[in-house]
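I've put the structures underneath this note.
Next come two complexes built around chain A: one with chain B, the other with chain C.
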Partner chain A sequence: MGAKTKTKAAVRRGLRRRRALGALFAGVALGALLLGLLVLLVLIATTALQSTQLVAMRATADAGLSLSLRTLQLGPRGGGTAGFFPYVTVARVAPGSPAEALGLRRGDALLRVGEVPVERVSDVWRAIAALPSGVERASIAWVPGRRGLLGSLRAVPVPDRPGEFRVVLSKVAPGSAAERAGLQPGDVLVEAGGLPITGTQQAWQALVVAARTQGGKVPLTIEREGERLTAVLDVERRGELPFQRSLLRAYGAFLTSLNEPRYPEHAGLASAFLGSLYVILVTALVAFPLGIGAAVYLEEYARRGVLTEILQILIANLAGVPSVIYGIIGLEILARSLGLGRSILAGGITLALLVLPIMIIAAREALRTVPPSVREAAYGVGATRWQVIRHHVLPYALPGIFTGMILALSRALGEAAPLLLLGAFLYVSYVPQSLWDSFTVIPLQIFDWATKPQEGFAEVAAASIVVLLVLLLLLNGTAIWLRNRYQKRWS
Partner chain B sequence: MAPTPLDTRTETEALAQRREELQGLEPAVVAPSEPPVLQTRDLSIWYGSQRALDRVTLDLPARRVTAIIGPSGCGKSTFLRALNRMNDLIPGVRTEGEVLFHGQNIYAKGVDPVEVRRRIGMVFQKPNPFPKSIYENVAFGLRINGYRDRLDERVEEALRRAALWDEVKDFLHKKSGLDLSGGQQQRLCIARALAVQPEVLLMDEPASALDPIATARIEDLIHELKEEVTIVIVTHNMQQAARVSDYTAFLYLGRLVEFGPTAQLFENPIRKQTEDYITGKFG
Partner chain C sequence: MTRPRSEGSRTATSPPPSASLRAPRGRGLKEQLIRGLFLLCGLSAVAITLLTAWTFVQGSLLFFREVSPAEFLGSIRWAPLTVPQSYGVLALIADTLVITGIALLVALPLGILSAVFLSEYASERARRLLKPVLEVLAGVPTVVYGFFALRFVTPLLQGTVLPDLGFWNGLSAGIVMGFMILPLVASLSEDVLYAVPRSLREGAYALGATKFEVIWKVVLPAGFSGIGAAFILAMSRAIGETMIVALAAGRTPAWPPDPTEPMMTLTTTIVNIATGDHEATAFIWSALFAIGLLLFVTTLVLNIASYFIVKRYRERYE
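Coming up: the complex of A and B.
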């Protein structure tokens, strides 16, 4: 009696424990799934957010501006404020652009876009991005460049004080702020907005920094004939610049323009995009026939034996070889021994070697799904082995084979390491014309941009990631579509 | 009382006993009067090291239906597939002995198994139409065997011979072979086999996956076809063997036990094993 209840209790315990284990397993699995989803969402969200800056960046480029960050460094020696004062200058104005029409010139410094003070280049983009939707122009304020603002400056060494200069206005530009303030040639610039003037370029920089912190009218202390005077310089100019913000336009321009090493707002993905397409095309053309051929041989023709067994193990192992190794193979055999160089051809074949084992394995899986009854039926009416393969096995397995191939290609599309080793370029300033051209691909371009310290390249890299993701989605979508379409037809 | 588990020991013993009885027992053969189309001579087949068929010698008469019966695993499907070298497709199968087709050993060197299969057609247990249109199902065999002209005519003829034409003539190209019912699919497979004008048709339990009505149609078809084609049919169903065949061979444990006219074998079997099997004492 006692023994019996004990057994019952033991049974109950056993049942409970098994249920608990099951719940634990389900919980862990669900947790892993949720974690994966979360990571994916965060990844997509951050990338998408970073890449939205592209629209504003492209809008500045469209307006005709190339911007660069400069810094005014004030040493402690002059007394007063010391430190670094960043400001943004116009590095290039596109001819015939709205910016040129507005009067912006190379060397001008931006003060504000809308109401946002501009300290760094990203402030400009942020300000444009923050414009209410539908508003396609922004008021901008800027300080004309040195010659436009003042005229010609000359540094004159101070007697008895080596290394120190007095900045002398040698020529006043007609119609400039200096002329309007009544400055004359020969005036010595001493202080601008409380900042001591120590050099010709620094004089203008001091005016820019002072204008940003104190407003457009900057008090300028000068020395004329030994006398100290104060002139108020109206340095600020204003205007409205049109900005066209459009996601489609931005990505269109991004995809069609060439790379630009200095100004991220102009940097484009054209070389890398076409490079990726050409490389993948070569990969597909090399790997498809080889992959299908090898799979058909292994599944349909090869006799089961030691040799086949070894072949299979080798292929399975090749699928696990790190992709960098394939880069070494590509460099040593394709680029050097066969003399293909760092060409698209070499890159495509390298990636083909990389994905070949995956393709073979996928194609073999697909061939194995062909029911034996189909083969028997075909053999039964007197078909040869090739006829059976050609008319029944391959058509039946093709959707599966294609699915595997496309997934393998999408892996090749995302590979950077082997091509880096092969010697693909990080910076390509042209669109590849032939298979023998050197090239870069999207992942390499992302790598290059993401490691650049200048502002804006991270955003451009994010936009390239979006392009890459869209390409991968398209490829995978095609794979799914193909599979569904043919599955429907055949069952 | 609780049901006792199957007494495997006595089963094994019974099997061993029957195996012993078979040893050295010559097959009881009543030779058919018609001339043979296919003959097997000491045909043995191994799957790896396991012998599935043990020295079977049999004459299959022309334009008659011969049924092969026997319990599961007795080697009847193996025997059937040996008749058109379908076993070649299975890795690890070894065949010994001869299969003579019009006196010519089809396992001899230089014989093309593809040509053998064209002249000795096959219908399988599970209907296996190609995932293509009804027309293409029938036309495939014709195309690969070099028929180029009058394809439509030949397809229609094959479908008529398989008693399927009237049911499918309106959507030959539109419907896939897989859209048909099970019975229709099997008749499509028969039409596909008939299209290339084989002299012998091997049928491996052609009705086992079908309902009684579809089965009856297949059996009627076999009756009609035997006017022109020699048929060898493997069946599990003894009533079916009795209904459709002229001759019956009883295989057991890979050996031919008895072969003779169907009526005689069922009503007056020579061997005790045959009698035990057809009366349901084992199998």
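Coming up: the complex of A and C.
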């Protein structure tokens, strides 16, 4: 009796353990699936987040500014502070822009945007992005360029000390901060805000860095006739610039402007966008007829035999050949042997070779969904094989074929490797006009921008990814819509 | 064209009755022409393969006239641009395999478990909801994955577990590649698991097995060869992947293959040669074909192997 209940309990315990193990396994399996989805979400979210900086970048471009990063490097030789001090300079001011009207010039250094100190170019964009919504202007503070701030400087070698220079003010610019502080020609600049002055450009840089860290009024130590004096320079100028932040405007400008290799705020996707469009068009025109033709042959004509078997194996496995391989073929056969060069035509045909197996497989599946009874009925009233295909099989299968084609084209749209090999240019600053023009496509532009070390290009790459994903979504959406709308259900 | 076919399953294309009624001559010619046209389209696949093979073999012959196959496959030094030149791909192969291995370590467990969940646990509604998400994951262009690896995964790893990780490294490229091939593994394995006949499961249930035991001891072993095919195909995909490694793994071969260092795979080498600033007649171009041939043959063999495994497997249960 006792022994029997014991075994019963043991069995129950065992069953409970087995069930718990099962539940654990189910949980792990669900976790695996969710992890995949999580990565997809993180991918999309981080990219989208990064791409939002495009709005602020475009706002600075609209205000007329091109910015770049410079660094003041202080060696240990100068004594005191050593290290790197990054600062932002105005690399270009668009003529007729608000920035020009405000008095900003090429070579000026930005100190603050909306009261936020800026060290790097991305700080400027971050500050603009952080403005309260609805606010379309921000105060900025800047230091005029060397000539506007001081005048002319000259480096004079120090006697008996080779390699060392004294920086001498040779001319004071009228109306400059130097004039207002009472500097005179012949003054030797020694120290700015505690930073030693060792060169003409470096003197101005030291003033900029000191102004940013210590405020607008920088004490400047000078030597006049052997005597050390301190003058206080009011280096900072202030004003307000309009920064229009609008997602639509930003993407509109991004899609319609040409590429810009140096300033990411001006970078545009127009060449790549049109390049992608033309290449895909060529791909579709080449692969579509070939794909349908091959599928019709295999489904409607081919007898079962060695040739058909080989064809099937080839098609199934060509779809899995790495895309770089097609790039080599495109480069060697299309671009070189056939003399198509690095043109849109060569790119389109290369991608057509790549997606052809996918198209054939998709078209065959679509043809297979047409039930035999349709064909038999047509044969029954005396139609030839071609008439059956032309009037009965193809019309029914076409929506399915189209769906497959669109999915194959969306694969081609995202493909970068074969075109990278073919030598599509990474930097194209014109809109392609003919099939023989060299070109670039969106994925390649992403590749190029993603590898650029300058600040801001990663964000521009993220914005292009958003454009690419939206295009792919539209294509896939069309395919799904087509499938649901037109696909006949055979019961 | 008029010979009847024996297979019952393909009645759709059985001979048209009109043929026996003697169609007018012109019509027959037109039919033959159209058939020929379609055959030509079908042969385009053969043409592409032959063209590829011919291109690669011809280019490789030039290469192997100068460099012995023993040096190509036996040396670890890949230095085509420095004197003395050396064309050993062993380090490149090792780097490729390490990154592929990392990708498979991510993709196989996650993919198979996802497949188990979808085919065994998920309700029909959940399946319909979750499967398209996996397809979206498969549809993301690889250059986007590369960007993700370079700009998100590498900084993430640097900031958390591996502070010494290089800006370019094989590790994050491999991990992200794993997620890229995960949908492939999941969808192939799911097909396989779904195809395991009900009778096998029911037999196991009748013996008192729990659901987990049925999956673990019956369904998964029954689907083993199909999952093997998924493994092979995933491997082939990982070996041939280009953009992720070109963006995130760097352009320097690592020997010994350490995934925290920059790595150079076979595909990146191809990109390097093709985008490099070389004379069109330079010898280095022929190395492109030798490496291309290696890659082409490897992936084609893997693909065909998995094709036949899947085919045999299907026949067994049909």
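The definition used in the following text is that the second predicted complex is superposed on the first by the 457 of 491 C-alpha atoms of A that agree within 3 Å, B and C clash if a C-alpha of one lies under 4 Å from a C-alpha of the other, contacts with A are read in each partner's own complex, and residues count from 1 in each chain.
The rule is short, and it goes like this: contacts are C-beta pairs under 8 Å (C-beta built on N, C-alpha and C of every residue); 3 or more make two chains touch, one makes a residue touch a chain.
Owing to the predicted nature of the structure, the values given are computational and were not obtained by experimental measurement.
Trainee: Could you say whether A:Gly382 touches chain B, chain C, both of them, or neither, answering first, second, both or neither?
Mentor: Touch partners of A:Gly382: chain B and chain C.
Trainee: Among the partners chain B and chain C, which is in contact with a greater number of residues of chain A?
Mentor: After superposition, C is the partner touching more of chain A.
Trainee: For A:Ile329, decide between first (touching chain B), second (touching chain C), both and neither.
Mentor: Once the two structures are laid over each other on A, A:Ile329 reaches chain C alone.
Trainee: Looking at the overlay, does A:Leu233 come into contact with chain B only (first), chain C only (second), both, or neither?
Mentor: neither
Trainee: Quick one: is A:Thr46 in contact with chain B, with chain C, with both, or with neither? Answer first, second, both or neither.
Mentor: second
Trainee: For A:Ala450 in the superposed arrangement: first (chain B), second (chain C), both or neither?
Mentor: After superposition on chain A, A:Ala450 lies in contact with chain C alone.
Trainee: Using the touch definition from the top, say if A:Tyr396 reaches chain B (first), chain C (second), both or neither.
Mentor: first
Trainee: Considering only the touch criterion stated at the top, classify A:Arg304 as touching first (chain B), second (chain C), both, or neither.
Mentor: Both chain B and chain C are touched by A:Arg304.
Trainee: Based on the superposed arrangement, let me know which partner A:Met405 touches: chain B (first), chain C (second), both, or neither?
Mentor: The answer is neither, since A:Met405 touches no partner chain.
Trainee: Of all the chain A residues, which ones make contact with chain B and with chain C?
Mentor: Looking at chain A, the two contact sets intersect at 303-304, 371, 375-376, 379-380, 382-384.
Trainee: For a test of understanding, state which residues of chain A touch chain B in their complex under the given definition.
Mentor: Against chain B, the touching part of chain A is residues 303-304, 371, 373-384, 387, 391-392, 396, 489-491.
Trainee: Give the list of chain C residues in touch with chain A in this complex.
Mentor: Per the stated touch rule, the residues are 1, 3, 5, 7, 10-14, 16-19, 21, 23, 27, 30-31, 34-35, 37-46, 48-49, 51-52, 55-56, 59, 109-111, 113-114, 116-118, 120-121, 130, 133-134, 136-137, 139-148, 150-152, 179, 182-183, 186, 210-213, 215-216, 233, 236-237, 239-243, 246-247, 267, 270-271, 274-275, 280, 288-289, 292, 295-296, 299-300, 303-304, 307.
Trainee: Quick check: in the complex, which residue numbers of chain B touch chain A?
Mentor: The contact residues of chain B facing chain A are 84, 86, 89, 91, 114-115, 117-119, 121-124, 126, 128-131, 140-141, 144-145, 176, 178, 189, 192-193, 195-196.
Trainee: Across the complex, what residues on chain A touch chain C?
Mentor: Chain A reaches chain C through residues 15, 18-19, 21-22, 25-26, 28-33, 35-37, 39-40, 42-43, 46-47, 50, 289-294, 296-304, 310-311, 313-318, 320-325, 327-329, 331-333, 336, 353, 356-357, 360, 370-372, 375-376, 379-380, 382-386, 388, 410-411, 413-417, 420-421, 423, 443-444, 446-447, 450-451, 458, 461-462, 465, 468-469, 472, 476.
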